[in-house]
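Two complexes come next, and they have one chain in common, chain A, joined by chain B in the first and chain C in the second.
Right after this comes the complex of A and B.
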């Protein structure tokens, strides 16, 4: 059973980034095969040097960095979305792979369940 | 065929909350088994028992409850998402030392494990977003 969790929201404007992360952690707890794809404004979640404590929020990029500890190794980002937003400095998690639209299509096709937040 | 439904949008704020209900109802009427309806993010407000829409409007809250009674639906509200948004049952009210609870009958508070389980045990998960 594989779950593809597709994130579309920027980190702090709404609760989606945080609540998507909770789904990922829960799936990992139940030993499900989970991959996370960052697309659209969700690319901003991966930016380095987030100072979210200034708006009383937990740092999403730090939480993402910790995911491999919980067994979540499969993290991907839509390279087109990164380029369009001119995001070059990603958080130093080397486990996030850049994917083309063709690769992303294949991911959608191979997943048993897709959850988009 | 066995499906589960994920509702992310709040009643009346977004079409998604109503569409989720209509879709679930249509699926059940056509004989499709609905393993679970899971309410997450702003979707948790579907379980609010203090909501009182005007009498000349469709009541989405009681509609879910009626659907549950008719088909023995499993209506699960994410406990963490609900608590953040001010929706708790009697047990949570006691645990957090609150005087009141406001989760409607027919809805159950539980964890995200119920969503993960629904993904694993259903042929399809259908999400209703914003």
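Right after this comes the complex of A and C.
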């Protein structure tokens, strides 16, 4: 049973990114096979040098870095969306794989369940 | 075989583009809520638009009626909630585009 969690929101403007993290961590707690795909504005979650303490919020990129500890190893980003937003410096880019449109379509097809938020 | 639902108009370009990139020839799309307005524009969509790829296109009848969307468009199947549930069960999964 594989879950694909697709994120499309930038980190701090609304609670979407945090809620997605909650879903991912809950799924991992129950040993579900979950992958996360960052697309659209969710690419902004992956930007390096975030200092969210300036707006009294927890640092999303730091929390994402902790996901492998909870068994979430599969993290992907839509390379077209990165390019359009001119995002060149990713936080901890080693653990996040860049995917083409074709790869992303395959992911949507092969997952048992898709959650977009 | 995926059932896609979309609840936004065609002006949400990036959302519609993502749907177009994802839809496969064996997938179907249901237009719900404000997505129902898209039913009227399906005659003039570009080649790789989701409406050209999808096997079947449905619109929720009551959402179309509520918005004054035409009830006699060629490519469109008009469905009620019962049929929506049935379609959800007939497909491997449902993906919501919103």
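Everything below uses one rule, namely that the second predicted complex is superposed on the first by the 116 of 117 C-alpha atoms of A that agree within 3 Å, B and C clash if a C-alpha of one lies under 4 Å from a C-alpha of the other, contacts with A are read in each partner's own complex, and residues count from 1 in each chain.
Note that a contact is a pair of C-beta atoms (placed from the backbone, for glycine too) under 8 Å apart; a residue touches a chain by one contact, two chains touch by 3 or more.
Note that the structure is predicted; figures quoted are calculated from it, not measured.
In the superposed model, A:40 lies in contact with chain C only, and not with chain B. After overlaying the two complexes on the shared chain, residue contacts for A:62 are found with neither chain B nor chain C. Touch criterion met: A:116 reaches chain B and chain C at once.
Of the two partner chains placed by the overlay, only chain C lies in contact with A:101; chain B stays clear of it. When the two complexes are overlaid, the chain among chain B and chain C that reaches more residues of chain A is B. Shared contact residues of chain A with chain B and chain C: 112-114, 116. Interface residues of chain A facing chain C in the complex, by the touch rule stated above, are 39-40, 101, 104-105, 108-109, 111-114, 116. In the complex of the two chains, the chain A residues touching chain B come out as 1, 3, 15-16, 19, 22-23, 26-27, 29-30, 32, 112-117.
Those residues of chain C lying in contact with chain A across their complex are 2, 14, 18, 21-22, 24, 92-93, 95-98. Of all the residues in chain B, the ones that touch chain A in their complex are 6, 8, 40-41, 80-81, 84, 111-113, 115-117, 119-120, 125, 127, 129.
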